[in-house]
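There are two complexes below, and they share chain A, which is joined by chain B in the first and by chain C in the second.
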Partner chain A sequence: MKKLRTYLPLATLVVLMIVGTFLSDKFLTYSNLMNLLQFSAESALIAVGMTLVILTGGIDLSVGSIVALAAVVSANSQQLGLAGILVLVLLIGAVIGAINGIVLTKFRVEPFMATLATMAIFRAVTLWYTNGGPILGNITPAFSYLANGSVLGIPLPAIYVVVVFIIGYVVLNHTPFGRHVLAIGGGEETSRLFGINVKRVKIWVYIISGVLAALAGMLITSRIGMGEPRSGYQFELVAIAVVIVGGTSLTGGRGTIGGSFIGLLIFAVVMNIMNLLNISSFVQPIVRGLIIILAALAISRMLKSKASAGIA
Partner chain B sequence: MDNVILELAGISKQFGNNYALKDINVKIHEGEFHAIVGENGAGKSTLIKILSGVHLPSEGTVHFKGQTVQFLSPYMAQSSGVSTLFQEIQEIPALSVAENIYLGREPRKGTLLQWKALYQEAKELLNNLDIKIDPYKKMEDLSISERKMVEIARAVSFKAELLIMDEPSANLNEDELQVLFKTIAELRKRNVTIIYISHRLREIFAMADRVTVLRDGQHVKTLDIGDTDETRLVQLMIGRELKEYYPVNTETIGDEVLRVQDLHLPGVLHDVNLSLKKREILGIAGLAGSGGNIISKVLFGLVKHYSGQITLDGKPFSPKNPRQCISRGIAFVPEDRKSQGLFLNLSVRANMSITSLKKFRKNGLVNRSKEVKQANELVEQLSVRPKNIRTPIRSLSGGNQQKALIGRWLLDKYKILILEEPTRGVDVGAKMEIYQEINKLLNKDLSLIIVSSELPELLGMCDRILVFSGGTITGELDRSEATEEKIMEYALQEVK
Partner chain C sequence: MKKSAVKMLVFLMMFTLVVTGCGEAKDSKASGGSDGKKKIVIGFSQTVMNHPFRIANVDTAKKAAADLGVELIVTDGQGDASKEIANIESLIARKVDAIIVSSLSGNAIYPAYKEADRAKIPLIIAASGVPEDDKIPYTTFVASDEVLMGQQAAKYIADKLGNKGNLVILNGVVESTNSQLRTKGFMPEIKKYPDIKIVAEQSGEWLRLPAMQVMTNILQANSNIDVVFAQNDEMALGAIEAIKKAGRMDKIKVVSMDSQKEALEKIKNTNELMMTVKNEWSFETAVKLAIDAANGKEIQKRVILDSPVIDKSNVDKYYDPKSTF
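Moving on, here comes the complex of A and B:
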């Protein structure tokens, strides 16, 4: 029964791939699949951070606003060079993440409320900083290469997707930190009793989420060649959806990075198929909503049958 | 043996104006098995929380191995050699046994976790203790006793010199108990000092060297186990003769009010037959999972998909939901006061009138003055303290909350009042008052069903006791013949 949480998303993905293959002969081609992976890079970064956050039993709504701030700041600081931009972007993510983490641990504000606040604040900061318009500047070729380059015919963003998930997997499964993330989600009080520094782990989780979101923002600017203050809208919703569809429990303590990877691919494949079929992009969020409902339904069914098995 | 490992010197603990513990002085000897007994509310759990680093004492000092110590956290206590098995198992269900044992202290190389070493250490530890549990298994896949064993292994891995066990035998069946006792024996071989809290006096007489009795937060006595017997120990615990403690039902028992025939609930209950008479107090006993606490929920419409006939006052009755059951005259005080019974943020008045608001209706609005008047009368009658009906109910003590909850059902006429665990988490004084109040209800022509895990309460209060095991009734005992031993015998009876 428990395996269902793992295998149901995987089975769904396989079915979707088969459906895609039948609906369009372009679907199962190397270039399309690379395309699909490449355009998932930003979601992938955010989803890995969000997985860790949700595993602790929290939520991070501020990621979309961090994306936007990092996007415009990296467009506006091209003169610093690649390394300089990178440091700046990492700093933005880490600081906002740390604010989230500190507010919700030291002041015991609900994660939802704390990150809702930073989401509003940093979206506004971004719009204020840019006066609402995009930052068009001379994006350097080196910076542009980050999102548009390729190695051995593989687009760099596709590589980022794989790398970030591998790192996420190692962190969650092969470091004490990752196991403590799971432990905290499974029982915060117990974790404290067991001597885990719950506050510190949580703050780090939000810092990681913030940093990954900031990197995603930098990637967007590199890809579209300007700093768009409206980028990252609803990214938090997409990331949460990816994590949940991947089988992670919204109450924390249960879930895997691999699941989120599959969740990400499920959404990417569905969107890709709709693009191939020329379905309006306005319809896509509707489909996304439907997928979330289906996933939630499947999970609640699973929990129900598990609960009744427990009584017997 | 005579080396003092732990000394409590003048320990007191205050919560607000109430003393949970007052001037406790006990010396625990190295390697001994020291039992602590007392009624609920006697201060046992507060004492444990002080020893384990959950609470700091308000006054007094703790000396461990000759040094004055202040445990600021359970982890600190554990690292110093004092481990505690709390009543509720401390675990992360989704993680493996090995991870649960070494959580926070995993073997690591740089930032990486050494999985192999982790499982190796866990395996050796469990082997050493002769505990047969696979360290790769997840905690949630283990039985309760296995999970307790893992907790013990965790304590041992901290090189515990003093192990405090709070009701470790609760919820364990006979086989599981044997496993627990075997492990305890193994610990004693290693000269681990044990402080053991249990309601089951038989265990204490079988294993303990000495016993400390607490009552109302005070230290009554510490005795060598050989110098006392069960009856005398119980007397020390409650401080009075049993007879005074429980009022006797002097009402004449009337005709049948309720009859349940062939009740089945797939996987939970089967072949349940019972009847309840007017002005009778019927007790329901049974270990966790026996189904005893489910029958009460069936009768209040909280459980669906059952089959069988129920008749109430001679008319067929099929409970569907609480609203319908209330209108048929069934009242219910649930086992979990905080989450199922109370509206914590509302006043005492609102908590009492909530089920009877219809009674106070006037022109479509609630007649506040009538509601206030009746609530005041109830508070007076049940001696709920403080006597102010505007107090938020969350600030009342457990006993007073429970009285208000019972009061809720006195605003209207009911036929049957079901009480689940009526005195859970209630101090001794309030307990007696609750028993008195319950008894007074009988002259209102009510019939009572008491579901309780506290045997003395059932024995003291009930005219008749039904014992559940494996989802059905395995025994029925009349007041005159009921004893703890007989109840336990039925409760442990195997049912296919």
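Moving on, here comes the complex of A and C:
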């Protein structure tokens, strides 16, 4: 079963890559694949956090609003220098993440409701802070380099994608914290009996999700050279879709970081192919929706047939 | 435990309300006019205040009201039709002399229009959808003609391309009325030139980042692009970043709409943005029409605001470093 969750998304990606290569001769080129990867950086950061959250059986709807707040604050605090901005952005993500975590553990509010509330609140705070308009500060060249620079011909955001997934993988699979995350998703009561501090682990998971979302916001500001308060709309839905298509179960406990990486690439490849082929903007969301349904269906069908085969 | 959860939720909701504000009518000025003659009071129901265009509407309306010596009451509907209706009702209750409404709520707002009519208060619809149902009463509709703006952009492009070349179109959010109207003007006009080929038409969702990403992909797919038409300046600015990164700025012209300050600066100081069609954001005309209506003057049912084409030749006339939009 675990194998299926890993290989189905991978097989889908391979098929898509082959289809893309046949449909457009521009698809399988170095520059196209690099662009595809580098524009996935914001989603990658959020998807890694979301994977951990969903693995604990939770959900984090506030990431899009965290993106927006971090984006405008980093545009408005250019005078602090790179390190100063980074500290501020990390703080924003950590505080909002901690609020999420504390509200849903200590006060036992459903994660959906707790993060729905912070989603609304911090979107409003962002618009309030900017008075609705974008922040057109003078973005420094050093800050702009974060998203627009490259090393050895590889755009920096493409490198961030790989790095954040590797870190996510190591944390989930090779640390006690990661084992606790998986254990909590498998069964909270059992985890508690085994002496895992469930509340603390959960709070940390939401802090990580918040921090990664805030970094994504900072990256957007670096990319577009201004603080856009409308940034990050529906990013939570994109991230959730990526995680599900990557084979992680919404009920928690089952799933992998690698799967989310594949899920991310599936959506990136599909969008890329649709742009290359100039498919109508009306149709594109339909295709994305179908992918989610097909992935969910395929996984649940196969799991069921395996289960019944096991009984017989 | 359940109880504390409910309590927490109620608290959060209250907090949200406090933070987002409750859309109360805010006086922009204390009621003045101690000189026997009654001062004209105009109400302005703004649909939402989260966009520079909308904020500029309010700023220019306030300035015009101050210049013309009338009182202006501004309300914020926060993008919610029921809040807008409540705001308009409160303006009617305050017996203002005319009401300016800017709404994006389609026919959900019509009941409020009818109430204003029953109270015999002139209604000026501005920068907003106009009622398609002719039973809905209003005094005048004042706005740029988005269809005309689309036509102007198409003509300009055909002219600059010498009636032939490869064109990329970046549309706004597909369900947006403005995007549809701009397309409605642009498409039939550009199709009059069979040698202008549309090589790509995609949505940039009105925003800079999606436009940049989509344009990057379009640049991959098309090695021959002569001009990009973006339906607003934000998307044009995103597309320009993508084109610069691909090192093709010298070969591709970019044309857009709205004439926000940053776009005018680009036209003035660089060769990256070629032209933008002005989408009038000043509410000066709307305020003047409201005063005329309050004074019982006869006014036209439809007032079309100018939407000039702005490029390097006339940008200085329109560029105002102090403008908010």
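Heads up, the rule we're going with is that the second predicted complex is superposed on the first by the 303 of 312 C-alpha atoms of A that agree within 3 Å, B and C clash if a C-alpha of one lies under 4 Å from a C-alpha of the other, contacts with A are read in each partner's own complex, and residues count from 1 in each chain.
As a convention for this text, a contact is a pair of C-beta atoms (placed from the backbone, for glycine too) under 8 Å apart; a residue touches a chain by one contact, two chains touch by 3 or more.
Keep in mind that this is a model prediction, so the values were computed, not measured.
K.L.:
With both structures lined up on chain A, is it a clash or a fit for chain B and chain C?
P.N.:
fit
K.L.:
Touch check for A:S231: first (chain B), second (chain C), both, or neither?
P.N.:
In the superposed model, A:S231 contacts chain C only, not chain B.
K.L.:
Between chain B (first) and chain C (second), which does A:F107 come into contact with in this model arrangement: first, second, both, or neither?
P.N.:
A:F107: touches chain C, not chain B.
K.L.:
Report for A:S144: first if it touches chain B alone, second if chain C alone, otherwise both or neither.
P.N.:
After superposing on A, A:S144 lies clear of both chain B and chain C.
K.L.:
Just checking: does A:N131 make contact with chain B only, chain C only, both, or neither of them? Give me first, second, both or neither.
P.N.:
It touches chain C, and chain B stays clear.
K.L.:
Quick one: name whichever of chain B and chain C touches more residues of chain A.
P.N.:
C
K.L.:
Which partner chains sit in contact with A:N76 here, chain B, chain C, both or neither? Use first/second/both/neither.
P.N.:
neither
K.L.:
Tell me which partner A:T6 touches in the superposition: chain B (first), chain C (second), both or neither.
P.N.:
Touch status of A:T6: no partner.
K.L.:
When the two complexes are placed on top of each other via chain A, what is the minimal CA separation of chain B and chain C in Å?
P.N.:
Least C-alpha distance: 14 Å.
K.L.:
Can you give me the overlap between the chain B contact set and the chain C contact set on chain A?
P.N.:
none
K.L.:
Help me check something: in the complex, which residues belonging to chain C touch chain A?
P.N.:
Interface residues on the chain C side: 1, 4-5, 8-9, 12-13, 15-16, 19-20, 49-52, 54-55, 171, 174, 199-203, 207-209, 212-214, 216-218, 220-221, 238, 241, 245, 262, 324.
K.L.:
Give the list of chain A residues in touch with chain C in this complex.
P.N.:
Touching chain C from chain A are residues 24, 26, 29, 31-32, 35, 39, 103, 107-110, 113-114, 117, 120-121, 124-125, 127-128, 131-134, 136, 148, 220, 223-226, 228-231, 271-272, 275-278, 280-282, 284.
K.L.:
What residues of chain A sit close enough to touch chain B in their complex?
P.N.:
These residues of chain A touch chain B: 174-180, 182-183, 186-187, 190-196, 253-254, 308, 311-312.
K.L.:
Could you list, by residue number, the parts of chain B that touch chain A in their complex?
P.N.:
Residues in contact with chain A: 73-75, 78-79, 90-95, 99, 103-106, 108, 111-113, 115, 266-268.
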